[in-house]
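First comes the structure, then the notes that go with it.
We call the chains A, B, C and D, going by the order they appear; numbering starts again at 1 in every chain.
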Amino acid sequence: MVQVGSHPNITLLTWSEVTKVDGYVGNFVVTINKKARYIKTEDCTGCGICWEKCPWKVVDEVFEVGMAKRKAVYVPFPQSVPKYPVIDAPNCAYFLKGTCKACEKFCPTNAIDFNQKDEAISVQVGNIILATGFDLFDAKRIPQYGYGRLENVYTNLEFERLCNAAGPTGGNIVLRDGKTVPKTVGIVHCVGSRDQNYNSYCSAICCMQSLKFAHLVHERTGAEVYNFYIDMRTPSKGYEEFYQRLLEEGTHFVRGKVAEISDFARVPEEEGKLVIQVEDTLIGKQRRIPVDMVVLSAGLQPRHDAKEVGKMFGIACSSDGWYIERHPKLDPVATMTEGVFIAGAVQGPKDIPASVAQGAGAAARVLGKIQQKEIALEPVRASINEAQCSGRRICNGLCPFSAILFHEDKMVSEINPALCQGRGTCVAACPAGAISGTCFSNEQIPFADRGIAAAQSRCKGGGGCVVVIG
Amino acid sequence: MKQYAYYPGCSLESLAKPYQLSAKEVSLALGLDLREIEDWNCCGATAYFPVDELLAYTLVARNLAIAEKTGLTDFVAPCSACFKNAYYTNNYLKKDPDLADHINFALEEDSLHVEGTLKVRHLIEVVLEDVGLEAVKNKVAHPLAGLKVAPYYGCQLLRPRKDHEDVENPQYFEELLSAIGAEPLEYASKTRCCGASLIITNRKAALEMVHLLLKEAIERGADVIVTTCPMCNVNVEVYQSQVNREFGTNYSIPVMYFTQLMGMAMGIAPRRLGIAREPVPKAQAPVSA
Amino acid sequence: MTAELSFNQEIANMMYATHGNPISHCLQCGTCSGTCPAVEFMDYTPRAIIGMIRENFKDEVLASNTYWSCASCYHCTVRCPAGIDIADMMYALKRYSMWKSRFKEGLIGPDFSEGFVKMIVNSGKSFEPILATTYLPKFSAGDLVQEALTATGLVLKGKIPLLPKRIKRLKKFQRMVKRIIPLGELS
Amino acid sequence: MNVQKRLIIIDDDPDFVGGIKSILERAEYQVDTAYNPKDGFQALQARRYDLLLLDIMMGRGAEGIALARKIRKDPKLREMPVLIITSVREQIAFLFPGQAVHPNFVDVDELVEKPVEPKLLLEKVSALIKAAEEKHLQPQ
C-alpha cells in the first residue's frame, strides 16, 4: 500500500467521492468531489502531533466498530495510506463551538486549514476499476441471536479488533467488562448467510474466519471453543489442512444452525452464561450449550449504495446486489460496459487471496488495453439510419449504457458505437424502424434461424458448445 | 365511535370469560365499539386442520361472511388462535378464487357469501393502532407504578406472519404496558409457545413448556404475567398447581389478560373486569383501584 | 413408475396448494429442531423427519410421534432459512396419518382431533371441559386426578358453565359442512 | 379397429393409482395420472380425455369435490364422464358413522367406493365411455 502511495504514476485520492461519469472507454471523464480534509496535504508530514494534541475523543464506529475512541482529527487506522489525517468536522470543537484549534497551534508545518472547502475535480481516464468492497451483515437483524441486547455477543468485526494487538484490549480476548477471560466461546457460522430470510447466498469467508477465531481463542485463552456450522466449506489451498489442525486442537464442531441465544438459565450450570440453543444434527438432539462469549460470523453483503454507484458507472447488480460480470466463468473481471472492470467483493463474496488475484487480473486487463492503443469491439452494435429517424427520442431513455445521443440541430439520434453493447432494446422500440443491429437485420435473421435449426439437427446434446452467429 | 365486527371465539364464552368482560369494558372506555357478530361458530382452533383443512377454512369463512354482511370493515378477534385462522383464511380466499368459489358454494346453505375483503386484526393491534399509546395514557387514572409485568405475546399473535414488524423481538406489548404505568420486564420467553394445543394430547410436553414460562417470569421478579390470548392465559394460569406437582416447584403467580390490566389502570372496578374469578389470586398485584 | 411416487412427493401433494414441494430445499441445518419447544418429547426431531421423508422412510415417519407432538407454534416456520412451512408440513402428516389410519399406538392426538371435529359438527362450537373429560380414560391415574381437580376447581370458580353452547342455525351449518365433506344424507 | 381410449386418474394414493392403472392398461386403455388436483386440472386442459377417475380426499381435504365442481362448470370439460372412486367414508368415517357418501353432492356420473373390484371397474369405465359417446352422437 505504501508503494501505491508513493508511485509517481499513481494519483491516490482518498476522502473523495465520484459524483459523475461521462464518456466511454478510452475517454471517460470522471467528476470527483474531493471532500474538505482541512489539512493541506502538500505541507503535512503525517507526524501525528495533531491527533496527539486534539482534546476531543469520538467513538470510532468504523475501524474500531464502536469499541474504542479516536480523536476528532484522525487517520482511519495506523497503517493507512496516505498518511494525512482528516478533521472530523461534525465532531470538531472548532466547527461546533468556534474555539479550540489545538491542532493548528501544534502543527509544526502549519498544515491545518479550517477554511478548506469541498472541491470538485474532473479527471480524464481510459479505464475504470471498481473495487468498493462490501458491507457487513447487520447482526441486529436476527434478534434471536441477541446482538446489541446481550452484552457478550460479538460480531466477527468486533472480535477481529479484540484479537488485534493494536486493538482496544491490546489483543487480549476478554469479555465486555474488559477483564474476564472467557472459559467457553461459541462461534456461530452463517449469520445472515444461506438464509432466505436474509441473504440466501454463502458468504464464502465465514468458515475460514471462524476457524481462525477458534484457533486464536485456543492459543490465547485456552478456552473451550464450540463452532456451530451448517456445512464446513474449506475449498482453497491449505484451508482443509487448517481445519484438520483445529480438529486436532480439540475444537467442538457442532453441526447445526443456531436457533437462539438466551441469557435465561434453565438449570444451575447455565447461570450467568449465554446459552446457545441448537440442534446437534449429527446426534439428532436439541442441545443447550452454556458459553461466556459468542462470536457471530456475520456474512458479507453488497455495499448499501451499490445500486446507485453501479448506475453511475453503467453496470448492473444481480438480484442479490453484487455487480454483474461480463461472463461468470469466461470473463469475471470485465463488465458489460467496455472499459469498466470490477475487483474483489463488489462482484460477490470472496476472501483476500481471491480479491488480490482479481485485482491483479483487472489491472492486467487495463494495462493490456493501454498497451493496445486501440480496442476491438464485439461486432454486434446498433446503428441509426439518419434518413429514417423521426427524432421522436423514444430510444434515448431506453439504453442502459447511455449510448444514444441526440443531435438537436439535425433532430436525429445517434448511437455511440463505443458505448453500445448490442442489446437491441432500441432496435425493437424504434417505431420508424430506423435502428438496426449489426448481424441482426431483418434480412439476416431468417438465415440465422436456418443455421440454428441445422446446428440443432446435428446436436447430440453433449453441451459445451458455443454457437456463434454472424 | 368506530365500529368493529367482533368475533369472541369459543373460549371467551367459557374458560376465558374474564377476557370477554374486560375486553368489552376497556374497549368501551377507549371508544371502540365492538359489535359481536351473530351466530358465529368455532374457528377450528388447531385441532381441526389435521382432519380437513378445507373444512377448517370453511368454518372460518362462515364467520368472515357473517362479519362481511354487517358492512363493517374490520374483523377483530381477541384470541390469538382465532385471529391467526381468520387472518390466513382471509388471505387464502383473496389469493385463491377456486377456494373462495368452493367455500361460497357451501356457504350458500346458510345464505352467506364471503369475499375476503375484511381487515382481520387482533384486539391488541386495534388498541395500539386505532387508539394509540397517547390516548391510552390519557385514560389512565391509576398508573400501575411499580408493577413488574412479564409481557407474554405467545405464538399465534405473531406467527407465522413474516411480513409483520418484528416477530422475534416485538416491543409493542411493552410499550402498551409502559403507557399504563407498569414496568415491563425483559422476558426472553415472551414469544415461546405455551403448549396449550398439547395440554390434552401431550400433557408432559405442555407442562414442561408452561414450567419454563413460569420459571423465567418468577425468576425475573414478575408480579404478574400478562397475556393476549385465552389459550395462553388459561394454560399458564390453571396448570400452575400441576407444574408444581410435576417439577417440585412452588410457583404461584397471577396471570391476567392485557385488557384486565388496562382496565385496572383506567380505574374500572375489578369485578367488572372479571378479576377475582381466577384460580390464582391477584393479591400480589399492588394496585388499589 | 407410478408405484415409485416417493413419500416426499406424496407429502408435497398434500401441501401443493400453499407450498408446492418445499421440503426439497431443506439444508438439514436444524434450525427447526433447535427452535422447537416440544422437541424433547419427539421420537425424531423435525429436521430428521424432513430428512426421512426425503429418503422415503415412510413407515418410520408415520410410526413416530413427532408430528402429533407439534404444538403449531410456527416458530420453526418463521425461522427456517429455506422457507419451509414446517408446522404446515406437520399438519399435512397428521392429515395423511388420519386418512390412512396409520399412526403410533397410544397417541391422544388423533382421537382428540376426531372428537374436536365431531363436537364442532354437532354443535358449531367447541367446549374445552367436555373435551378434556372425554380423553380422561387415556390419561394415567395420576393425570386423571389432577385433571379432575383442575376441572372441578374451575367449575367452582365459575369459569366453566356447565352446559356447552350451540349455534342457532345448526341445521344449515351442518348442511354447509356436508357440501364440503359429502358424507351422510342431505336433510 | 377402435381408437384407443385415453383416461386420466387424479388420486393422491400412489399404490391405488398403480393398481388400477395396470388393470386399465391391461384392458387396452391409455392411462395418464396426476397426484394432486392442480396437476390434474392442468392435464385436463392440455388434452382431451375420454374419462376421468377422480379421488375425493386429496391435499387439504375433500378437494376432489371442488375439482369435480370446477370441471362441471367448464364448457370444454363438462361433457367428459367422471367416475369417482373414493374411500372418503373410511378416511373420515368418524364424522358421520355408518352414513353413505351422499350421492348428489355434485353432478357426477358414477361413484364407487374403494376397494374396487377390477371387473366392476372395467364395466363401469366402458359403460361410462359408451354412454358419453352415445350422448355425444344423439343431437346430430
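As a convention for this text, a contact is a pair of C-beta atoms (placed from the backbone, for glycine too) under 8 Å apart; a residue touches a chain by one contact, two chains touch by 3 or more.
Keep in mind that what you see is a predicted model, and the values were worked out from it rather than measured.
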Shared interface partners, meaning chains that touch subunit A and subunit C: B
Distance between the centres, which are taken as Cα means, of subunit D and subunit B, whole angstrom: 45
Chain centre separation in whole Å, for subunit C relative to subunit B (CA means): 21
Centre-to-centre distance between subunit D and subunit A (centres being mean Cα positions), rounded to whole Å: 59
For subunit C, residues that touch 2 or more chains besides their own: 17, 40, 95, 98, 114, 117, 179-181
Residues of subunit B whose C-beta touches two or more other chains: 51-55, 99, 102, 105, 162, 168, 212
Where subunit D touches two or more other chains at once, by residue number: 60-63, 65, 92
Chains grouped in pairs wherever the two touch, ordered by label: A-B, A-C, B-C, B-D, C-D
Residues of subunit C that touch subunit D when the two form their complex: 2-5, 9-10, 13-17, 95, 98-101, 114, 117-118, 121, 178-186
In the complex, subunit B residues that touch subunit C: 10-11, 13-15, 17, 39-42, 44-55, 58-59, 62, 92, 96, 99, 102-103, 105-111, 155-156, 159-162, 167-168, 191-193, 195-198, 200-206, 208-209, 212, 238-239, 241-242, 245, 277-279
Footprint of subunit A on subunit C - complex, ascending: 27-36, 39-40, 44-45, 47-48, 79-83
Complex contact set, residues of subunit D against subunit B: 60-63, 65-66, 69-70, 92
Contact set on subunit B toward subunit A in their complex: 162, 166, 168-169, 188-189, 212, 215-216, 219
